[in-house]
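Each structure below appears as structure tokens.
The two complexes that follow have subunit A in common; it is paired with subunit B in the first and with subunit C in the second.
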Partner chain A sequence: MTVRSIFRHETFLALLLVVALVVLSFQSDRFFTTANLLNQGRLMTETGLIAIAMTLVIATGGIDLSVGSILGLTAILVGVFWKSLGLPLPAAILAALASGTLAGFGNGIIVTRFGVPPLIATLATLALYRGLAEGISEARSVRGYPDWFYGLGQGEVLDVPTQLWLLLAAAATGAVILGYTRWGRAIYAIGANEVAARFSGLSVEKTKIALYTASGFASALAAVIFVSRVSTTRSDMGTGIELDAITAVVLGGTSIFGGRGTVLGTVLGLCLIQALKNGLSLAGVKGDGTTMLIGVVLILAILASNLFERGGTR
Partner chain B sequence: MTTSETGRPPAGPKSGARRGVLKRLMADYGQEIVVFAAILALFVVVTAINPRFVSANNLTSIFSGNAYIAVAAIGMSMVIVTGNIDVSVGALIGVLATISGTLAVSGYPNWVAWFFPVLVGMAVMGVQGVLVAYARIPSIVVTLGMLSILRGGLISVTGGTWISNLPADFLIAQKRLFDIPVPLVAMVVLTLLAAAWMRYFPFGRSLYALGGNPEAAVATGIPAERRIVAVFVIHGFFAGLATILFATQLQVIQSTVPPNLELTIITASVIGGVSILGGSGTVIGSTLAAILFATIGSALIFTNVSAYWLRAVIGLLILATVLADMLRRRRTR
Partner chain C sequence: MGKILLSTLFALSVSTSMGFAASPWTGGDDLPTNPLACDATPSKAEAKPYDGGQPTNPPDRKGKTIKVVDVPKIVGIGYFNATSKGIAEAAKEMGNMDAKTDGPSKANIDDQITLIDNYITSGVDGILFAANDPVAIAPVLKKALAAGIDVVGYDANSEPDARQWFVNQAEFNGIAKAAVDSMAEEIGDDGAFAIVTSTFTTPNQARWISEMQAYQEKCHPGMKWLETVEAQEDNILSFNQSNTLINKYGDDLKGIFGMTSVATPAAAEAVTQANKCGSVAVVGLATPNAMKPYVASDCVKSVVLWNPVDLGYAAAYVLRAVADGTLEPGNTSVKAGKLGELQVINGSEILLGSPTVFTKDNINDFDF
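What follows is the complex of A and B.
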């Protein structure tokens, strides 16, 4: 619970990342190249955006399982607003982003105004939002976007994948809010002891609504990038991404019970997972083997961190 | 939470002895009654629109098609009652089904093909229980990791191929016992046994104590760690039994399970009234909720609602049930 213990977990994670990078670069010449690493950054942006918002949500002791469904719904709406309703593409994207953000706001209202535990509330909206995506799209995909749109998901700005700039901006924003502002301290306070936070005069409900809305926005942004990257919209986009994002957040040292965690840790967790995925596939291990290894790494990292923490605080 | 209440107190045989029978029923089984009423209402409305809804064939498919979800939700409810959660059970059922099918086509006797996976399920859950209870890793983290391990393991072992040519005797979920489908019998018997065990036996009641107030539970002498491991092993046992029903209902065993199966099972528990915070809820509720899901799915087909809107309607109904439950709790408080 102390600053020292947070520091320990992230140091441990950074060491693990360095070890993984070194080992993997010996496994394959193609791993530790600028082109490959930047491309990996491209691939982890969607999960990354969601995981950064999820870090703040989990730090309040909440959780958002509906992010993958919001991603799917937003992706479908980009296509529907553009092709079926005939809006210009920029307007369609903005409208879809607004809808995804609204979906997140809906989660916030259900959690705060109705007092439904976040796990159940977002479990219900996971089904609802995905169902809306399926119903609206009727399993049809939308393709054939104008070329400029692909610049977001497939192009580069200053030799770096476009979306990686967005991820960096999101990470910096999240890190500053959580680490250096009174909102960040309010988030930790709510996660550590919600009743105490309320009696201290913190606006618990407003903070939570803002965070679930932000999570909806992050998922919607991830959806637009996803559509631009793969050139199509489908209703099953983002299925299971909630578990990937939560894995990165928890691996990054954020306590699932709230009150503790940093955006830096989440980013380290994301990089570690992506490095393992990529490095192992280059070394000839199939994707399924990598999935298994990520599970093992998650459990061992938390186990090790638990042991260190107990050794350090006693 | 804006409500400081963690849900209903554990329903004890003597709770509310001075209150009216109806009030007591409402207090002890409020959510179960809400879910049951929802099922009844659906039956009345849909039958009025399309009388074939209550044909013997359709009733069979409603009550036995989702039985494996109800059986898996029994174990899940016990885990949630202790204040833990398991997101790995969907992947586990997939792995166990593949083991079961492989044994069946390799010429092992049927009882081995049915029950060996049950043992594997208990072992896997036992390991997770130890990590939760003794290594003190939050259950959502342990089971999230195990989900990756099982899912990755399943695909790398099977390569995504289906198992076919299953022996006819192996397909027990297609059989009938006294003219009643086996999955229905299994669901009802297991639910009633588990409900009675949780309500009337000290071990079962200690699960509520552990979920409601772990410190008080330990102070009264309940061995918390051992009980947590035990409840995970029991959950593995029910996941194994659910696998038997799941793996033997079709002529083939796919290497995948329905997407988000673990979330469906958790949702059944929660909609059935098991508090996600631990300490309250019954397996009768979770079984009713599993039946409710099946009824909704079937009702949409019989009222000609487009299949594409199926999940949206289920999602909306789940949300409505959850909100109704929150409002009901506020009023009875």
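What follows is the complex of A and C.
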């Protein structure tokens, strides 16, 4: 039954996406072009990477609010390791990725070992990591990266934006893990009933730590891409990105209480939001109008999926 | 294990914040400063070759109606409402410019970049912008130039080669001199002061602070800098930060500089509510409307600003001149409607003029 209702939500979302694409392409002839769609893919990669990891975290009934701060911290560390410590840039990037991953691991430890609810734990690290980013950077931005580095955020591979390949790979990995592995089933089991999962012999703690670590890594990767895309590092990077990511995940049908959700749904939600933002802007709607409409779509999508679900389960 | 990690993080954050507190000189940028003379000797302008960018194969726009989008740092605040008003005024006067304003609702680099990207796709003829970060905005502006779009900045610059011209509201060292001199006049040459700014990397504010530091060291060496604090361009945060400064430094604090049009009235409000009018001076950049109550109650003596309506107006005329081909690299001045001839400075910048000082006598003549 659950499987069918999940299927329904995604079908509904896909339909909504198609309708949005068709309607928006009638509003502006510049919308449905390969160049524009690929460019939108470039712009949504950072949020996308974070949202995919977030899907898995939320599916266990958790949440990670600190992703934007990890993004800011990692971005600053790329600059600091490279400029201030004088590491070669590839080594600086790896070290920064490791630090971001460690920050995620820290979240996992706080949530599992100290039993702090994820909402509160990551709200605290949201402040902590952002504070670290601002302190370490001493408000200086790092600029002037070598040209090859911009290939990641501004370049193309086989005519597709470089980072879009990363997003696709991440989506495929996430979807396979969640949908087809023992691991994925453990995630659903923990989200559906943590106590039962623990008594069934599932390693609840290890799974959770791994997921928060993965979320940290995804944010760190997004940070490197973001720095490459905008060619500078600032400590306020990624502010508010957690809300964009969570919006995509929830729109994608993942239950905020855990136990339900797919990566495909998240990707559809992500595409729908990006299509609306871009298409409405091209059609001449101003930014505030678009934000309002996204709120309305989110509410409608959740209401509709709840209706479907009720029809399916009763 | 977890405890070790936590305490390490805690120690790290403490050590960095200590390092932070040790240097009150944050907020400036690393660029060289050029303080003006302590008396009113005007500085000599150095000739510099054109260093702006050029659009790739722009269509002939001479005399044709052009579609222009104005992307300020943020929408919904008085200052940028005034610049858009100026742009709309100029567009109406010219009759062949179709201008609209659309900007991020938070002063956020990513939102602004995405917005500009969308307008490039939608096919505008010209982009007017005020950058939230000079480097971060450069790739998207270069993309606009590559698409044959005319790009002119105002208020907050980008890297020079990412746009064609930049309308400079006032030279940084001029504003710095005016601000520091008024502060010295109010609190004396040995007073201590603090600064409330937007963020440490915002281009204009960082430049002003660097120039203020240089000018203060040169001309008012006895004055003491207590701290520079960030308050985004957020009303409540600016008020809270000012309040914290007043409580933290007590009677040591003699003056607060507000570096943004949001911070200055918020600082004045904080001083008013703390009953410190007269003992803590507020000097800063702000729009007259926001400052009228504080100037009327004598809590604030003078407000320094250029006229943002004129700034927007000039930016629109510069864009029109670029599209018509009447403003080209190497020109030394440009006609800007009712403002007359404006001078080209620093290679590819156009100077609006000298700043306006609003006092109790003239503040009611302005409405923006």
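Couple of notes before you dig in:
As a convention for this text, the second predicted complex is superposed on the first by the 313 of 314 C-alpha atoms of A that agree within 3 Å, B and C clash if a C-alpha of one lies under 4 Å from a C-alpha of the other, contacts with A are read in each partner's own complex, and residues count from 1 in each chain.
In the analysis below, a contact is a pair of C-beta atoms (placed from the backbone, for glycine too) under 8 Å apart; a residue touches a chain by one contact, two chains touch by 3 or more.
Predicted, not measured: the structure shown is a model, and the values here were computed from it.
Of the two partner chains placed by superposition, only subunit C is touched by A:278; subunit B is not. Contact with neither subunit B nor subunit C is seen for A:155 once the two complexes are overlaid on the shared chain. In the superposition on chain A, A:36 contacts subunit C only, with no contact to subunit B.
Of the two partner chains, both subunit B and subunit C are touched by A:288. In the superposed model, A:128 lies in contact with both subunit B and subunit C.
Contact with subunit C, but none with subunit B, is seen for A:231 once the two complexes are overlaid on the shared chain.
After overlaying the two complexes on the shared chain, residue contacts for A:141 are found with subunit C alone; subunit B is out of touch.
Residue overlap on subunit A between the subunit B contacts of one complex and the subunit C contacts of the other covers 110, 113-114, 128, 131-132, 135, 138-139, 239-240, 286-288, 291. Against subunit A, in their complex, subunit C makes its touches with residues 1-2, 5-6, 9, 12-13, 16-17, 19-20, 23, 26-27, 30, 75, 102-106, 108-111, 113-115, 117-119, 121-123, 133, 135-139, 199-201, 230. Within the complex formed with subunit C, the residues of subunit A that make contact are 28, 30, 35-36, 39, 43, 106, 109-110, 113-114, 128, 131-132, 135-136, 138-141, 143, 150, 154, 226, 229-232, 234-237, 239-240, 277-278, 281-282, 284, 286-288, 291. Listed in rising order, the residues of subunit A touching subunit B in the complex are 65, 110, 112-117, 119-121, 123-132, 134-135, 137-139, 194-195, 205, 239-240, 243, 246-247, 250, 256-257, 286-296, 298-299, 302-303, 306. Looking at the complex, you find that subunit B touches subunit A at residues 1-4, 85, 87, 131, 135-138, 140-142, 144-156, 259-260, 263, 266-267, 270, 276-277, 306, 308-316, 318-319, 322-323, 326-327, 330.
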